[in-house]
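What follows is subunit A paired twice: with subunit B in the first complex and subunit C in the second.
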Partner chain A sequence: MVAGTSHLLVEGLGPAFLDGALAIWIERLLNGLTVGVGYVLVAAGLSVIFGVMHVINFAHGELYALGAFFALAVVGTLTPIFGGGIAFVAALLIAPLLVGLVGMAMERFTIQPLYGRNPLYHILLTFGFVIVITDLIKIIWGTANRPPIPRPDVITGPISILGTTVNTYSLFTLAFGGVLTVCVWALLEHTRFGLIVRAGSQDRQMIKNLGIDIDHYYSLVFGLGAALAAIAGIILAGERGVSPGMGGNIIIPAFVIVVLGGLGSFKGAAIGGLFVGVLEESILKVFFSEIAGMVIFFLMIGVLMVRPQGLFGTELEEGGGELLTGRGGGFLADGTRFKLGLAMVALLAVLPLLAGSVFSTYYVTLLVRILLWALFALSLDFVMGYTGLVSLGHVLFWGLGAYVTSVVLVHATASAFVALAIALALGALVAWVVGYFSIRVHGVYFAMITLAFAELFYRLVQDVDAALGWELTGGSDGLFGISSYYGIGGVGIELDEIALFVGPFSLTGTELFFYIALGALVAAFLITRRMLQSPFGSVLVAIRENEERARFLGYDPTVYKRRAFVVSGVFATLAGSLFVFEQGFVTPGSVHWLKSGELIVMVLLGGMGTLFGPILGAFAFFGLEEALIEYTDRWQLVLGTIFILFVIFLPRGLVSLPEKLASLVSERGSNEPEPEPTADIRPGEDD
Partner chain B sequence: MAGTESSTEPESGAATESESRAERILQTDGLTKRFGAFTAVDDVDLSIERGEFRSIIGPNGAGKTTLFNLLSGALPVSEGSIRFDGTDITDLSPQKRVHQGLGRSFQILNIFEELTVRENVRLAAQSVHRDDYGFFESLFKPTDRHEPINARTDDVLERIDLASVDEEEAAALDYGGKRRLEIGMVLATDPKVVLFDEPTAGMSIEETEATIDLIEDVLADQTLLLIEHDIELVMDLSDRITVLNQGEVIASGPPDAIAADQAVQDAYLGGMVE
Partner chain C sequence: MSADPMLSLSHVDAGYGETGILTDVSLDVGEGEVVSLVGRNGAGKTTTLRSIVGIVEPTAGSIEYRGDAITGLDAVDTAKRGIALVPEERRIFPELTVRENLELAAYGGATDADGLSIDAVLDTFENLADRTDNDGASLSGGEQQMLTIGRALVSGADCILLDEPTEGLAPYIVQDVMNAVRDLNERGITVLLVEQNVHVALELADRNYVLDRGEIVWEGGSSELEADEDVLDRYLGVSL
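So, the complex of A and B:
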């Protein structure tokens, strides 16, 4: 392969380049393979965990980062005693063990109670761990980036092989990672442990019936996956340094690899990891650096469409329980709820009048943010809660709304109406296209393909300027100082230039915009609610209840889901667009996948499948942030923990809380008529 | 324990009636379904006449449900073709077959458990009228204001005798009630041919009789294709019977001829008596 390539180069460039060209290619290939080995170790654990337990572990990147930080701690402690070389080796042994234990504890205490539920809840749970572990790392080790972990001299520096100079650490990485991968493969394929694990992934109940404690094995598998991720983290930390963001950076490529190779396939992860490593480092970054980031997502989308089970995977049957909606929460009659909602809107409408006197205007800004996120959460609930489509890439539409609006305002016209109209039209179009390609795949594959589309857009807004050669989206900085007026053709008003007087109060700027945001949210709520009462909406509900039955009544589920997706996409685009009118800027951060995760957090926090639940969720999310940030910068740790508890104990969200409490109270109540407790029955013990 | 005595009773009246209006509504030609090396349905030629009551019987694993899955579009065919009411529907999606007038019920009870009884039937009725509404009507006009759908729903609820419990959750019905609801849902889609997969499975004797009466009553005009394991039931009701064994048709004809058929005796009836 290398020889052939160099031959071509010889003809084109002359004999003098032979040695140089060959050396460069070997170096490039080695770079790619080194990165690839790291990918293999991360992806292998991710894939095996999915294959065996059907859990998509979003926290896998954080376990990888945790490996690097534990190694940092071990090296820091042991270097004064044994010197850097031995400390590195010790870290390579101890840190993965520790991370493995963390993984086992995660599985045992949080994931295990969720088996049998829809796989969405594993995604949500592990997303909660992403938030928690990231914050823990920042608390313990700070937010600064650290230099590479010192490593033994033997595997440091260049070495000359076959006339070319290569990095010994790369060779060590390749050898160590290669041997480790083969060992794990052998463990899974040729031992009793592997046999039980593989059998357990086929039929969990059957294995239990054989008298084998499969839960125990699940914990071990999770621990093994975590340890592999930790090793990858340490190896890469020896080359590139350690940073709190390293987990978030690796998880997306790891998903790409696992999808390419096939969810659940160890072989697929191994081959996919090396392939993506070489593709990225040796080819794309060298020759197509402008679009390097986008190519792998095209690959991912293509594979998911043509062969969702990946190159080496086997198709997973639809499994797990259903999504737990907050409907039937039964708290308050419809009429009461309507009045309560009306009262809430009225209360909100009064708030800006008091800004500046009773409380700071900052809270108006905060409320606007909450209202827009509530609108965004409502849009997701419409597809997730009512049609069962778990979109992990909904930030795509928010980002689309924000970017299209910004680009139109900056480059074409400052008319908010025109920008909004163009954004909504494009939002509908993109939602239809993404829906067309995504809805044909189900379950986790749908989640993955929407994630891929969102990441593709995330790369696009950063790379498009370089590819075009002129500024469209502002690259990785984004666009700032965007102003707009409410009108068309140069005739209109700017909110900052007018003031509205209501009795003794005056409203201007953000306070006026508050009413636009509130109006948009209320309108979106009423429109979607009306839709759900219409023939269209009734079919959506039917599809979620029983897709097969709906099909045999003559409804095409794909068509209905796609329409729902478009409705949802348009409202999400609206939220993103309004965000720009208020904030006056947009950055790639608006399209980051973490935002999709936070959005799902809000929907679940409030209670999905209710429309008003997610609105509640948005208020709870930001309210919590606001309350916690007074005391600590690391409020996400608390939020993440609360979220994890919600996923486990209150999956139907806040809206189900009254019912849950009521049932607890009535249990108490039914206990009360009993005679006074005798000595051996203490109250509360049977809870 | 199949009553062979009752099965030998002549059903000549029904048979001649179906012959008099001999028009094929559903026809298969060499219909075959393979799962790997296993052939579940093997070269089946069916010819159902309009208005006919046809039963498909056969021992467990004979391919009856697979045959239904092919007819209704739940599974793609390996070979052969299906013609329905003059058009080839072999490659049509399940929902399009429903629109053409091919309704089905399931062996495993298949209703919207968490919706009300009324909503279950209403969804089926809405399917018939799905093209009668414009964009805004279908998207924004509440379902309770679509009169033709509601009228059809009321009518069906009356006929399946569930009008009094129409606002209850379907899950709250007893087993027989759920079966009736399912039959009502099929009825509400206004089918020309109805495929029934063991509609009385798991029912008590009283429920079975009531359900059969209901089928005969409300679906008398339709062409019926019924999978059953209760041979007695089939003998009394059917115009013609097709017997499947290991995916192949081993006999097809009027009930008395089937009861007398030696191959059927060997493959099926003999086994049942054991």
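So, the complex of A and C:
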């Protein structure tokens, strides 16, 4: 699962005392444990941060990468002066310290203002940091992959132990990581700091009632977690090399481990890290290399279903602040908004006519992309904004639509209608199955299980060819040059062959497709809106507001949520499918988890729970990207920063901006954010 | 009651969000007193305690402790000044041992005073002494209540706010809890006791306040309350 894992051990020189098979097993085990130690350090920080602050730190992988890059800089600077040995040791001290400070600053200035809000906002905020830190790394150190951090000679090269030859660096990693893990464990179990941190993870309000200012400890815990990630980054980069993408590669296994071991459990992270390291490196990659990447996600899904709190975790208290929707943030009456929406659609409808003359046809392609993402964002809003299900794996359905369509078009028939029908049917089926397994778990666990399903699919499309032995999905390259016709049984039209003349204007294939995309979006909007106005929609909202009460009224929340999830899944599949008709290719990149993150960004940017908000969000996201690219290569940095500010200051999204401005203007000085329910006052405790 | 009360609420309004719970609540607790706050479910008793320690911020009125305004201070600050809240749900840290629960309270608590040592507390509550290494979650309701009182003792608090300490406990354990409260008071600790069980309140308290729909409707000594059948019936729904 981590790309390019090198062999950490030199091939055995031949057994003197041990029998050959055993020597090979020792070597494999050492490989697994070495990777496992890195996992332990990353997962431990992630888990403790979650346990204490209930923050899922998506940026943890970036802190890991930052550790490696800082170390590279320290080694580069100090080696000429002090020599490699001292420089490496210094890097092991200085880099984690720096990353720890970065982590503390992150917590203090951006995460702390969000305590008491729904955990979703932490996910979103740290996702913003993923974008920002990745881009910063690229600005400072460039985009190239770099060789491993130079290590002192003492800990490199082979060494012979008990007749089997092992890599000294593996032993160093094991010893260093092991000692560090024990130290952290001792810190948590046997110091005042640890006692307070553990207590804080169990009951935040009570620890304040005891007169202990837990807020100060939060920054320290975050810094500690960040420093551990940095150390993992350094020791693994001493073997594997350093690259800007290394953070994105480690975060998913880290999540798997944290879920297996139990969110919030240090012991779980330690055992889970070693287990996953050994499972992947020593067993799966050796014996089942075709499906190695998928197994751990099955494991993750299984654990989440059977025991969501993981092997060593304890069940979390529910909730912690509601999701802030953009509802009621409108400054216009419904009627006015309807007219405005109509005007927008009308305006969009004439745009293609002007393409080529007034502006470049490039913008039509861009608009098609935006319209499809708007449809995708709308689909997520339908479940997230109206039932409170935060799906971190919605890219699964987009990817499913794209891949099924492509596979049908390439291998079966070029009929767009057939491909679309099959894609939508499969989309509905998969949404039902995923919903069936996922909706029984709540909150953070739901987010994690949907992420696991999406990652499973991400691995599947890459590995299925090798596993089957014939080309279906094109492996890690994907499928290209996909063409289709609109018809069935060989009778139909290809858009590219048409040039439609409307008065003085001509419409080409892409421009015609624009109308299909626009039609799909408008139809999806009208259908979902109609559904929400029906009794079905009222039940969904009732469930989101208070699931228990809805249940007492005789509505089974699971059934309603699952139906909503299927509707959402079908629209997302439609968006992904249409994407292929337009684009003519599909790659595994379409299913990467970062896309799910970007999707949530759009929904939140526009305003969750409004249906039209996410559409605005998609336009704003791509519009901003387009505008920024004009001026800077580092548009992601700006976009990420804007997004972080949105999460902190405008969580209800763009649709709430007019209201926010109005209240700022009318009430001088009262720029307090709207009162948000705090997690500290738990429901059901009134006298 | 002495001239200067230790804890004093004047005209306090408080609530959650836009819902007001308390209206114009004024009450005084003198140093060394046991004062009870009784009333029906939903009368605002817990909200009163939460306003004092700063979990809920009053929207009007003021709260003074030892002559200093503490209105709007947060829970950490009020605890450091020596006010300890023992919440209704007890809030024992479930995965910490009995000893760790006590150690934690000793780290926090009043900054100006040392509380009892952990060993002294364990001497007082014998059944806890047998279970020092057990997790909080494994304790019975009565043991948990003893532990919450023990926590308040090691924290060095001068004023303890007890929220329904006898709720859900078997009658013979209620007696133990009452003895523990008397013990607290004999050590010079001031107690503000919220109770639904009027019998417990009458037996322990020097003075009583009756709260109804967020307002103080009656105050007086225990014998007076015992005699006032009208108040007992109208606001507390009990007849003795």
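Remarks
The rule is simple: the second predicted complex is superposed on the first by the 648 of 687 C-alpha atoms of A that agree within 3 Å, B and C clash if a C-alpha of one lies under 4 Å from a C-alpha of the other, contacts with A are read in each partner's own complex, and residues count from 1 in each chain.
By definition in this document, contacts are C-beta pairs under 8 Å (C-beta built on N, C-alpha and C of every residue); 3 or more make two chains touch, one makes a residue touch a chain.
Note that the structure is predicted; figures quoted are calculated from it, not measured.
Touch criterion met: A:545 reaches subunit B, while subunit C stays clear of it.
By the touch criterion stated above, A:531 is placed in contact with subunit B alone, subunit C being left untouched. In the superposition on chain A, no contact is made by A:307 with either subunit B or subunit C. Of the two partner chains placed by superposition, A:190 touches none, neither subunit B nor subunit C. When the two structures are aligned on the shared chain, A:555 is found in touch with subunit B, with no touch to subunit C. Of the two partner chains, subunit C is the only one that A:209 touches; subunit B does not reach it. Look at A:411: by the touch rule set out above, it reaches neither subunit B nor subunit C. Across the two superposed structures, the residue set of subunit A contacted by subunit B and also by subunit C is empty. Put simply, subunit C touches subunit A in their complex at residues 16-17, 21, 41-47, 53, 55-56, 74-76, 79-80, 84-85, 87-89, 91, 93-96, 100, 103-105, 107-111, 151, 155, 163, 194. Those residues of subunit B that touch subunit A in the shared complex are 72, 74, 93-95, 98-99, 103-104, 106, 110-115, 119, 122-124, 126-128, 130, 133, 137-143, 146, 149, 185, 189.
Interface residues of subunit A, counted against subunit C in their complex, comprise 192, 195-196, 198-199, 202-203, 205-213, 314, 675, 677, 680-681, 685-687. Listing the residues of subunit A that touch subunit B in their complex gives 328, 530-531, 533-536, 538-539, 541-542, 545-546, 548-556.
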